[in-house]
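There are two complexes below, and they share chain A, which is joined by chain B in the first and by chain C in the second.
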Partner chain A sequence: MIQAHHIGEGWKHLVLILGAIIVILPFYVMLSYSFKSPGEIDRNEGGFFGAQELMVDERCVVVGGSREDCSFLPVVFNYSKAFSEAPLLRYLFNGVVVTLSIFLIQVIVALPCAYALAKLRFKGREFVFGMVLFCLLIPVHAIALPLYIMLAKVGLTNSYAALIIPWTISVFGIFLMRQFFMTVPDDLIDAARMDGMSELSIVWKVMLPTAVPALLAFAIFSVVAHWNDYFWPRIVITGNRDLFTPPLGLREFKGDADGSFYGPMMATATIIVTPLIVAFMLAQRRFIEGITLSGMK
Partner chain B sequence: MANIVLSRIEKSFSQEKVLKGIDLEIRDGEFLTLVGPSGCGKSTLLRIIAGLEAQNSGTVRIGERLVDGVRASDRDLAMVFQSYALYPHLTVKENMMTPLRLRDLSVAQRLPLLGRFLPGAAGKMKTMSQAVAETAEVLKIEPLLARKPGQLSGGQRQRAALGRAMVRRPVAFLMDEPLSNLDAALRVHMRTELSDLHRRLASTFIYVTHDQAEALTMSTRMAVMMGGEILQLDTPSRIYANPANRRVAEFVGSPKINLLKGGLDSSGRVTLFGKNLERSVSAAPQEITVGLRPEHLTIAGVAEGEEIVTADVRSFENLGSDIFLHLSVNDGRETLTVRSDPDAAAHLAMGDRVRVGQRRGAAMIFDHAGERLHFEEPLNVAREVA
Partner chain C sequence: MGNRSAHLWFVAPAVILMLVILIAPIVIAGGLSFTDYSLGNDGARWVGTKNYEKIASHSTYTKMLRSTAIYVLTVVPVSVALGLGAALLINSLRFGRDLYKTIFFLPVMAALLAMAIVWEFALHPTIGMVNDTLAAGCGTFVQSVFDWGWLPFVNGAETWYGHACANNDFPLWLRDRDYAIWTICFIGIWQGFGFNMVLYLAGLTGIPRELLQAAEMDGARSAWERFRLVTWPMLGPTTVFVVTISSIRSFQVFDTVEALTFGGPSKTTYVMMYAIYEKAIKQNLMGMGASITIVFLVFVLFITLVQRYLVERKVHYA
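Right, the complex of A and B next:
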């Protein structure tokens, strides 16, 4: 019996481990390549860290540097190239501005909407909510072209606005917050009304603090989606490299005539995903703690 | 301080009429309970008084002021909710401060960080803190002021919610089943506390409950509501002793009143179990219901021939001070509950046959429609054994 039980457990773990490997492998490759020299990447040798022998940057020599000046540890070379080849800091800054603006405006729009849909009684509420659900079904790519044309007509392409405006109304955010607000007891809202709060201050002072866990979930969804988005910035940012977001920055390392530049490219990729992973780790605890409604029931 | 007058209040949700023309005057300083089974419209009525719900027709007057269309917060009422409805992210003190901040501070003074430095803000904050401290002292919740609702027990949350209502010194307190979420022992304890609080504050309390015991123990007057109407409005003792109709009689009192089939002969004499009760009412012969409360009946010292019926013991309900006997009459076609001394019931066993006699007080007679019929005159007043 006991043995059969152990075998059953073993299978479970085996399946989970396989799943984990499939998910982690690309990250492993990314991290490993960001440490290695081009030669090691080409020949697929050197293990995870590579041998870290001094390597010579041929391009640096071509431009006229001495061989000593152009010798680097592969890891130093990759990461310094990531920052020098393209203005990566500028891209990261753009990424922060864009994702935070999007999230902030999404919250400003979604919370009052969700509150109205969840807690206020008005004619046509169910219809409006139906429309919200309907909008969830429209894929971004289907409306990308009309959106682009509209932005182009008002002359907003190649600006932060073009990166931000199309995402300010998050149907998913409205839906998610509405579902959460449905669980907030009506008594709490009535109590706030008796205390003299206006409907808007109920949204910001009562609903928002109780909705922190849901808001965090939405924040992760929103920030990850827009930080990693390649499609939309690629469409509306056509010329001005100062407005590139981090994923666009990756293109700087794509294969040119003299071969692909995998090391620095993977170093850039590592730098781009790090903030997300750190943010998630920090938010994770709050996620679980949250402000529960336990005080209510 | 003011009385609250409701006239012809009607309310319907979609097709259903929840309140059917309620007229009610709540006197200044009284503890008025709206009591009734769930769905009778009592909470809706309270919410209409509070201004959280708008009536379809009729008026609400607080003192001299007609408050229809006046916002809930401007009616100068405070409400305590069943779920307490404390703000979960604020401490007890901040919870209690909230209504004061919103009422006494200007918009600018309420600004975070900056607001407290504006002229006048510091003084107001001080009076507000003082008000909170005084209320906390009355309710004995000073040690809890820094805690959040999640860290409080049910009874403590109840007090904090009361505190939030009290700091405003409203003209009236509205309470919507505030004790329902507490355990039984605490509920009984809080009844006395609420009564004490009412006496101390000398303020108007409007209290909604489905528990007739809460209504009986605390109210100055109670309004029994059913099906969107007030069936009877009177003091608890008068409603208990003198219910206006069968539904009120059934609702008030625990265990329930015994309702027995009886008859009226052509001269209006009441018969029960084929015996004559020696009392008469002026009504046409019909099927009537005779109501006898469990304490109106006895099994002790009933001589043969004196009993109103003989019955079989079906079960005992021992409360320590009393024993409620559940009896079956006529081979189980009717049941009877009798309140008895533990001593008198000690020798009884399941299935024993007992003689049931009337102990004191009079039976209540209800006609076929459930309305009360009053006895014409007290005919040679029935055995006051007591």
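Right, the complex of A and C next:
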């Protein structure tokens, strides 16, 4: 709009399209390899979808299957192997449990605190708020080591608790909700008190409903961060595959992979990445709002 | 619970968790950084500032600081500049804005670990798509364009691309000590610039169009003049924020290194988070890990405090 008449619209599209090709390239590679047979991957042929000629799974033949029983379309082979070679469903389930628990606990802890900081008068309020502002400076990944030592001391490594505990407190969530609650009119709260509501039910029945948009953005922020997180799970989950989150599962797959398993590995990657990408496509504006939430500090 | 003491019940859980999960670890790391503590041993020996001296002098750790510095000082400026460039271009389009925005934001949503593994594939020295494509360009017009031989005083056979084509010798990327850190940087930029773009797009909507028109009437005829005099100063607060958050994120780079290079070759990609992981978690040198943690925290706190200072000075002209 600013300088549209100076550089032609066409040139801008050209530059952006070149950029877009580089951005999309790995997604293309991932999806394409998840469709192809090992031979096609090695020789780099078959276009995007591969020829989809029936391929024989040699391992299946070795353990005694007949050649007919062991013939698959490459795409079927890759995706079925993704689930059968490693307990991918279990990993996905763990991912869901961990991300949802983290979000729920964050809200249960942050919302009442944010309400108190925004709307209640009490001694030490400024001090607590100062503490929140200070804690905003600390990236949790940076203090992973002492956290790990603490968890190890109480014997909690290799558990769901280890995956969840460090994230139960979101100072960012407190800060965000407090800013939001400041804008809620006091009259609304006074009216609720007149009706005899307890402070606790004010938080959940009056404040929570007014905060839904902010809460939704925060939910996206939190879920995306923890579904994709690799560093923390890598540290606290050592060996026990039953507790692997999706990125850990994929990493393990890579460690084990021999040459012929590129296809299933790419299928696994696709399965892990797809839920968030699809959700993002469906609700783009909300997602961008959520992810860039930290920009509002 | 009485309404009078409600605030106690509301604030206490958060305060306790902040103390235990965020503040106590800093104190613990600070204490352990002066010891040779390792898990499983009951006691720990006080070693004074020996760990810190090692960080300052030992070649492993100077390499760590070096590769972290290269990573941060490359990824931050490039991803901020690309984010700004993309935002300006997209903002000035008549159609197609949403499409580009969606595409450039995709890497931000995707699990970095998964995408790192895919990049490793694409960059595979023999069967990877990148080297295949580069090799396919040899001998065609692509080579004649990109070996820069058409420029005056440039011998096409001696440039990077011309040379690689002539000897069919393309980089090993992640396995080559001259290229590995730059390849890791590239993946970081690829992943992060869309985030910066979105923040800049939001910043751009905050610039009133009248301001640009006024500048044009006052004699800022070229687009560059208007950018320099109006857009860039108005984006000040956005830039401060974008630079800060990019820096903190790049300091924390881990996934790509752990999955693709293990800090190598020859420690050229040995970034701080990976060093903490390797020293403390894998080798059980908790004291050493703790002192790297403290150095790390000092860097991050410094960046954030500079940001707060700049924000308070109100880095904008509105």
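Some points to look at:
Criterion: the second predicted complex is superposed on the first by the 231 of 297 C-alpha atoms of A that agree within 3 Å, B and C clash if a C-alpha of one lies under 4 Å from a C-alpha of the other, contacts with A are read in each partner's own complex, and residues count from 1 in each chain.
Just so we're on the same page, a residue touches a chain if its C-beta (ideal position, glycine included) is under 8 Å from a C-beta of that chain, and two chains touch if they have at least 3 such contacts.
Quick caveat: nothing in here was measured; it's all calculated off a predicted structure.
In the superposed pair of complexes, A:P185 makes contact with chain B only, with no contact to chain C.
Using the contact criterion defined above for the overlaid structures, shared-chain residue A:L18 touches neither chain B nor chain C, since it reaches no partner.
In the superposition on chain A, A:P209 contacts chain B only, with no contact to chain C. Of the two partner chains, neither chain B nor chain C is touched by A:L54. Touching more residues of chain A than its counterpart among chain B and chain C is C. Of the two partner chains placed by superposition, only chain C is touched by A:L276; chain B is not. Under the contact criterion defined above, the residues of chain A that touch both chain B in one complex and chain C in the other are 291-292, 294-295, 297.
Residue ranges of chain A in contact with chain B, taken from their complex: 185, 187-188, 190-197, 206, 209-210, 291-297.
Considering their complex, residues 1-4, 6-7, 9, 12-13, 15-16, 19-20, 22-27, 29-30, 33, 41-42, 44, 109-110, 112-113, 115-117, 120, 122, 125, 128, 131-132, 135, 137-150, 152, 165-166, 168-169, 171, 174, 198-200, 203, 224, 227-228, 230-231, 234-235, 246-247, 250-251, 254, 262, 265-266, 269, 272-273, 276-277, 280-281, 284, 287-288, 291-292, 294-295, 297 of chain A touch chain C.
By the touch criterion given at the top, residues 47, 50, 52, 71-74, 77-79, 81-89, 98-99, 102-103, 148-150, 152, 157, 164, 181 of chain B touch chain A in their complex.
Against chain A, in their complex, chain C makes its touches with residues 1, 3, 6-11, 13-15, 17-18, 21-26, 28-29, 32, 39, 82, 86, 88-94, 96, 98, 100-115, 117-119, 121-122, 127, 129, 132, 190, 194-195, 198-199, 202, 209, 212, 222-223, 226-227, 231, 238, 241, 245, 248, 252, 254-255, 258-259, 273, 276-277, 280-281, 286, 289-290, 293, 296-297, 300-301, 304-305.
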